[in-house]
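Both complexes below contain chain A, partnered by chain B and then by chain C.
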Partner chain A sequence: MQKMLMEGNEAVAESALRAGCTHYFGYPITPQTELSEYLAREMPKRKDCFFMQAESEIAAINMVLGASSAGARAMTSSSGPGISLKQEGISYIAACSLPCVIVNMERGGPGLGNIAPSQADYFQAVKGGGHGDYRLIVLAPNSVQELADLTVDAFDLADKYRNPVMILGDGLLGQMMESVEFKKSSKNDVSKKTWATRGAKGRKPNIINSLYLNPVELEQVNLKLQEKYREIEKNEKRCEFYEMEDAEYAIVAFGIMSRIAKSVVNEARQKGIKAGLIRPITLWPFPSKKIAGAAEKTKAFIVTELNAGQMVEDVRLAVNGKKPVHFIGRLGGMLLTPQQLMEKLEEVAK
Partner chain B sequence: MKTLLKKPESLTDAPMHYCPGCGHGIVHRLLAEAIDEFGLREKTVGIAPVGCAVFAYNYFNVDMIEAPHGRAPAVATGVKRVLPENFVFTYQGDGDLAAIGTAETVHAANRGENLTVIFINNAIYGMTGGQMAPTTVLSQKTNTTPYGRQAALHGYPIKICELLSTMEGVAFAERVTVSSPANIIKAKAAIRRAVETQLNKEGFSIVEVLSQCPTNWGMKPLDALKWVEEEMTKTFPLGNFKDKKGNGKKGGQ
Partner chain C sequence: MEEKIISAGFGGQGVLLIGKILALAGLSDGKQVSWVPSYGPEMRGGTANCTVIISSSEISSPLAPMPDSIIIMNKPSLEAFEPLLRKGGLLVMNSSLIDVKPKRSDIKAFSVPANDIAEKDAGNVKAANMVMLGAYAALSDSVSMDSVKKALEGEMKGEKQKFLPVNMKALELGAAAAKKK
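This part shows the complex of A and B:
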């Protein structure tokens, strides 16, 4: 397969097609526009593929619910305000154990915010967002290549666990161009989806539902979900360690911020500061044990995010008071410069 | 011996939870009969609403999905676009379809989604215990309009068949009631026609059923039937509003 120069949003779209996504429902919002427009162009050319611009974000996620119930690999994409509107549907999809992929190319918030890159939807993605005790598998790529790779993984994980998977990117990642090679592909296996509502031919009807008025029953449903989440935690944590072998100071960053952090690690090493990078790739399940392990060896952590400090809470839980955990971030769509991060590192290392 | 009447195969044996005198049970049966008659049971996917009919998935002996409040037409759109050869219906009440789900209803209709919507209009929120519905008629008392619905304060009852029949995507729209045996026969015919509309791939079909809610209207069942016929039909005239293929009469006759 040849390497191509491609925009992040388009790489997700192309990769979704290669992963057997046949149904896309979305509503226009910046900065994920190119993703839907790519599919609007490409899906009608393919047999059995279907693209729809829905009347609202709410309708789009419910169309995903319907398409997934019928056994298709279905996807929607949006950004902050649109993802907020989808939360109701996401809670139902999680409750009904339906697979689907949701892309959030984050923008500055709260409210209408702006269209600049941000990571301020971490809590929303990782801690719930909608009502009830549920979890999304949250993948945080940091390059166009990884957007492509993780999109395929997202569809596979969604089907494997019958769970919604979110790809958490941001406006910068979605709109930057890098070389990409589509190495991975996958297929939908409808025959394995014996739970799907496709007509009760020669079997008892399938019911996709999240209403259990009897608390005894609903508790059992919840316990089953929790059991699944424990299984996901056991199997699917992903994390990148960079220069952590002898690191005294660990920078923890995800997504686009990890790129800036990596350059700072390199620069710090030249200056004689033994810095390393921990990059969670799955934000849920969160690689807590890896971070706890690092806490045994390092002197301090610096968490850096494009928000007011969200993932830092999970890092602090993992570190559990063993070492100091510092934070530096920027808000409202502003980028943290390598210089700012370097200054913070030097201050901590002093 | 010959069996003259039996329970439709498209209904389960589960006892229904509906109140005495409620119209839901009748409409469930009519729809189930139609599904049986067209031989569609094994290729049907139904979408249940939030509201009194939320448990419809227990009563229809077909594949069912329970949708978030008002979102049934969007869920049905997703299903139908994956399974265009299946029969897909939504079963929704007035709060679900004409208040919280208005956008989903209007846009599914406007897209001409090849779906069938069974719309129960009983002018009240039943499941939550009798609040104003978008279809509550003027001066009707409910728990949230204890002095009666007033146009200046609450706006006017929404006439869904009239509204949707202006849309090009809508192939069939008819308002019926189940207030008497004669009306039930007409309701059945409308439901059959709606099913047929979908099978012929003509587009969006809706049957609005004016249905009695004695519990939340605070009436005896017989009085409730009378109220449907004498009061509700003043605001919501019965009749066919659109039938692209058939010989539908125009506008509430």
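This part shows the complex of A and C:
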């Protein structure tokens, strides 16, 4: 397979098709519109695919709920404000134990904010932006190639655990072009979805529901969900270590910030500062043990994010007071420069 | 080898296409490439730019706070990006629309009257971006001229194929103008 030059948003769209996604529902918003645009062009060419630009983000996520209930691999995508609108539906999908993929190419917030890249939706994605005790599997790619690869994984994980999966990118990752090779693909195995509502001929009807008025019953539903979440935590944590073998200072960053952090690690090494990079790829489940392990060897942590400090809370929980955890970030769609991160590292390493 | 390039000008001048063709050329040379557009709410007549990195190894940050080369198609972009260029870096500027000289003396500066060449010699002023790209490709070692031509051919397929001859000519004229110096 030849390497192609492709935008991040388009790579997610192409990869979704290769992962057997047949149903897409969305509503345009910068900086992810190219994703919908790609599927609006490609899906009608395929017999088994269905594309719809819904009347709103809320309608789109509820259409995902419907398509997933019937056993389809379904996806929606948006950015910040649109993802906020989807939260009610996401909570319902989680409660119903339905698989689906949700893409958030984050933009500057809060409010309508702007269309510049941001990572300020970490809490919303990881801690549950909707109501109730639920979890999303949250994947944080840092390149166009990884956007493509993780999109396939997202569909597989969603089906495996009957759980919504969020791909958390940002405006920069979505709109930049890099070389990409579509190595991975997957298929929807409807025959395994015995819970799906596909017509009850010859069997008892399946019911997909999130309303349990009896608290005794709802507690049982919750306990089952929690059991599933423990299973996901056991199996699915992903994390990249870069130059960590002898690192004295660990920079922790996800998504696009991890790219900037990597360039700073390289520069720091040339200056004689033993820096390394820890990059959580799954933001939930969070790779806490890996970070706790690193706390045994390093002198300090520097968390860097394009927000006011969100993942840093999970890093502090993992480090559990063993080592100092510093933070540097930029807000409102501004990018942290390698120079600013380098200065912070030099200050900590002094 | 790693070359960080910023291509900048007015929206509509085709500065993003310069970058895309450079990235495609780098890709066909077997290099790692990244292309990042300026992501503001841009409009025709507003400023636009993109950052391209061509590298023989993995690209960490796709941004270029200190580029190795800048391709500048209008005056506001010269003011914005000349100060960022690394010492000894390459500036290729469109002297048809820029009536000032670069301020710095620690850079390699090259002027090409891209709009004039495109209009008078190539036959369409809209191909000024390809004159600039041709000049850059001739002056820099980061991409081969053959790969740039191949990438341009790949971009101008189907409905766009009718624009290929004038763009190819503009590319060659830009390269010739650079080699003359």
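Going forward, the second predicted complex is superposed on the first by the 350 of 350 C-alpha atoms of A that agree within 3 Å, B and C clash if a C-alpha of one lies under 4 Å from a C-alpha of the other, contacts with A are read in each partner's own complex, and residues count from 1 in each chain.
In this section, a residue touches a chain if its C-beta (ideal position, glycine included) is under 8 Å from a C-beta of that chain, and two chains touch if they have at least 3 such contacts.
As the structure is a computational prediction, the values presented were derived from the model and not from experiment.
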Of the two partner chains, chain B (first) and chain C (second), which one does A:201 touch, if any: first, second, both, or neither? first
In the overlaid three-chain picture, which partner chain does A:220 touch, first (chain B) or second (chain C), both, or neither? neither
Pick one for A:3: touches chain B only (first), chain C only (second), both, or neither. second
Given the superposition on chain A, which partner contacts more residues in chain A: chain B or chain C? B
Could you look at A:185 and tell me whether it touches chain B, chain C, both or neither (first, second, both, neither)? neither
Where does A:262 make contact in the superposed view: on chain B (first), on chain C (second), on both, or on neither? second
Now for A:68: first (chain B), second (chain C), both, or neither, which partner does it touch? first
A:337 contacts which: chain B (first), chain C (second), both, neither? second
For the complex, give me every residue of chain B touching chain A. 41-45, 47-48, 54-55, 57, 60-68, 71, 74-83, 86, 103-104, 106-107
Flag every residue of chain C that touches chain A in the complex, lowest number first. 20, 23-24, 27, 32-37, 39-41, 59-63, 65
Contacting residues of chain A [partner chain C, same complex]: 3, 5, 30-31, 115-117, 171-172, 175-179, 259-260, 262-263, 266, 335, 337-339
Which chain A residues qualify as touching chain B in the complex? 22-23, 25, 50, 52, 54-56, 58-60, 62-72, 74, 88-89, 92, 197-202, 205-211
